[in-house]
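You will see two complexes here that share chain A, one where it goes with chain B and one where it goes with chain C.
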Partner chain A sequence: MTTGISMEARVSQSSRIAARVVDGKAVVVIIDTQALHTLNEVGTFVWELLEESSRSVSELVDSVEASFEVERTRAQADLLSFLGQMSELGALEVEEAA
Partner chain B sequence: MNAPTNFRARVSVMKLLDSLRPEPHFPMSAMVEVADRCNETCVHCYQIQGQKGELDTDEWRTIFDELAEMGVLVLTISGGEPTLRKDFLELVAYARKKRFAVKLFTNGLNMTQPVASRLGELAVQEVQISLYSHDPQVHDGVTCVPGSFDKTIKSVRLLRAANVPVVLKTPVMKLNAGAVDEYVALVSSLGADYMMDSTIDPRENGDASPEALRVDDDTYLETRQHEQLASDRTFEERPLKSSVCGACSGHVHIEANGEMRPCTQLQVPVGHALTDGVRHAWAHNEAGRSIRETTWEDLHACRQCDLRSFCGRCFATARAEVGDALAPYPSACRKARLNYQVERGVAPRITGEDRGLGPYRELAEGEFESFAVNDDGSRATPLWAHPPEELVQLRLRSVSASPED
Partner chain C sequence: MTSGSRLESAPSAHPNRFVFGGVAFDVSAGPALPWELLGDHARFATHDDVGPTALAVHVAASSAPELAHEQGREIHVAWKGGTGHLRTRGVRAEVRELGPGNFVASALLSAADSGCTNLCTSLAGALIDRIGGVVLHASAIELDGGALLFVGPSGAGKTTIANHCAGARGFAKDRVAAYPTPSGWYAAPMAGGDEVDLPHSSERVLPLLGVLRVVQAERPSIADDSPIRAVHILRESAQLTDRSADAEGLLLDRLLEMSSKVRVGTVRSVLGDTVLDRLRTWVEKR
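On to the complex of A and B.
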């Protein structure tokens, strides 16, 4: 999946969501669509990394690679796909470097 | 917190959350009644304002912090009228900072364009506003505030212009029954959604006078069967091991002074959000645990009732009507029979003496008898199930003073 998101892009949680991690899974409500999504273990890991501040995509890839038994190329592809989906849903904001 | 008596069910985030609870009673929602005052004096309101006191901004922040840590996701900010607090927007902003899905209950009288815009910026999930009729005179008659209809309608327009979802809600009572089409047309023209409910509860001090506003059977049936209000909710089997209602189960309720209650209606202390801590009180308060663990099996008569699936009984109303939260009570039994009629298309036939009170035993399809239950060995009635003596006395005085329903 091509997301058009670069490794330098900075990712943050949207301000128009409500969210909680319950029983190890992030539950995310997109306020504008009233949709509710639950994330799996890896998605929740990434979500929690974005709790306090924005991160670059490459920082997120580093963290996923370090915390899960996964090759970097696979981690990068999966992460870009996840970020693209979450951005499209309105849960994440992605800002490309100027 | 009554079960299925509403006339219109909305599929909402709350419904979806039910499937996400890691254990059955896990609190994923909370209501905080931040204001102990109101600028309307609605004739049917169950609340008594100005007697509890209010926590300050920092105290509410502490409570919001703990609710978030507990995993509560949906936070309803209510009152009284929450917009009367000077720190109202500050509280909403803090709740959003803590990533709650915020619902706001208001009458709209204080709404201004800047406040509506700010609520839109803060991405409040929903604002629920009480609108009692499409007719200004009827609405103002209920609120006892001349001009309140116009202000409420204006508030809806301001909020919708700020892209804030609005739900207009009304209890259906003798004063405003009928004219559903006109009500829905008005609400739709405003770009809002709507909810109606037939529940009218006694006041929290035991005063039964609001009960005189309850609609009669014909109006109840007519409203429930109205095509604009017919819900897709069907009555479900009620296993004996299942909870009777949401009191102390899955939902935290906190009064303006920090006292915790099982729900908006049941006046049983179940801890204090600050002095006990919400988490500690939720887990350890004896009355709270008892209420949470009460199932249909513990209801000494209702557990044997074959109309149980059609019943929307409430501990608080039972306590008020018959002095025992676990007992059958006339208004619930009456409504269960009406709900059966709505669902099955025919009124249940009652064979033998009709006491107007369950439990009911089904003798043949659609044919029931009511019967008395002797002590059947169920657990002893807990202390919380009986109202304090002062509430009993207040109720007795108000019942004798009220006109016939």
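On to the complex of A and C.
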């Protein structure tokens, strides 16, 4: 999947969401669409990283690679797909570097 | 919540003292504001003393003719410390929290026919919300002294499944206030929705037995849901008028707390199937 998101882009949580972690999984409500999504283990890991502050895509790939037994190319592809989906849903904001 | 914070036992049929939506109202209305509950509000109110299973609010209400021409159905509530400001069509109210489950309010109402009922609905919802409860879009039956709620989106079959509970009593048609008390979670019917084709329960506050998401299926079943699924089910049916991220987060917290105390499951029903025995078995299986 091509998302058009670069490794230098900065990712942050949208201000129009509410989320809580239930049984180790993030439950995310997107306020403007009233949609509710449950993230898997890796998605929850990324979500919690973004709770602290915005991160670049490459920082997120580093963290996922370091915390899960996954090759970097696979981590990068899965992460870009996840970020693209969450951005499209309105849960994340992605800002490309100037 | 102490008994001392409750309303004194009300004289029967005193029009200004009643319980509606889990809240015991004691209303002092000025002479320019004839107080009358209409329609479902009158039906789902009781003059019985339900003791500490309801919140208590004393309302001093005054007429405000200038509010008579307002439009819209939105309800806005903002709390700062122990004081809340409520605004909806034909109603302005300031509410102070005196203690756990005990409130006092001053209200301006339009003297139009819906002014009093708008106050009851909006104030009950705001107070239920304030103490960690939630108003659910649900039908409900009275079953063995408790309330069993059916939830789901429009068309899921909430009213249909209630109609197939021959032997039970209809408790709520469309909206239910669910709230915590020191003796557990309770449920109270609120106004609105299609009539349930069962004899009516005379109870207006009952212990909450559980919440079941209705799904039409080819094979009937009833099962408890996981905590995550429970939050999904409750959020899908919870009423929230404030669309801010803070309000949504607080609602998630309340639903998490509720799902840790109240059983939430899914009932798969077959059209035309009588489900009461299976519902009773699920309720009794604790």
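The criterion applied here is as follows: the second predicted complex is superposed on the first by the 98 of 98 C-alpha atoms of A that agree within 3 Å, B and C clash if a C-alpha of one lies under 4 Å from a C-alpha of the other, contacts with A are read in each partner's own complex, and residues count from 1 in each chain.
Just so we're on the same page, a contact is a pair of C-beta atoms (placed from the backbone, for glycine too) under 8 Å apart; a residue touches a chain by one contact, two chains touch by 3 or more.
Keep in mind the model is a prediction, meaning the values are calculated, not measured.
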item	value
Combined model on chain A where chain B meets chain C, clash or fit	clash
First (chain B), second (chain C), both or neither touched by A:72	neither
Common ground on chain A, meaning residues reached by chain C in one complex and by chain B in the other	15-20, 22-23, 25, 27, 29, 31-32, 36, 38
Residues of chain C that touch chain A when the two form their complex	226-228, 231-232, 235-236, 243-246, 248-249, 251-253, 256
Complex interface listing, chain A residues touching chain C	15-20, 22-23, 25, 27, 29, 31-32, 36, 38
Complex contact set, residues of chain A against chain B	15-23, 25, 27, 29, 31-32, 34, 36, 38
Complex interface listing, chain B residues touching chain A	12-13, 16-17, 20-22, 26, 28, 68, 71-74, 96, 99-102, 123-125, 165
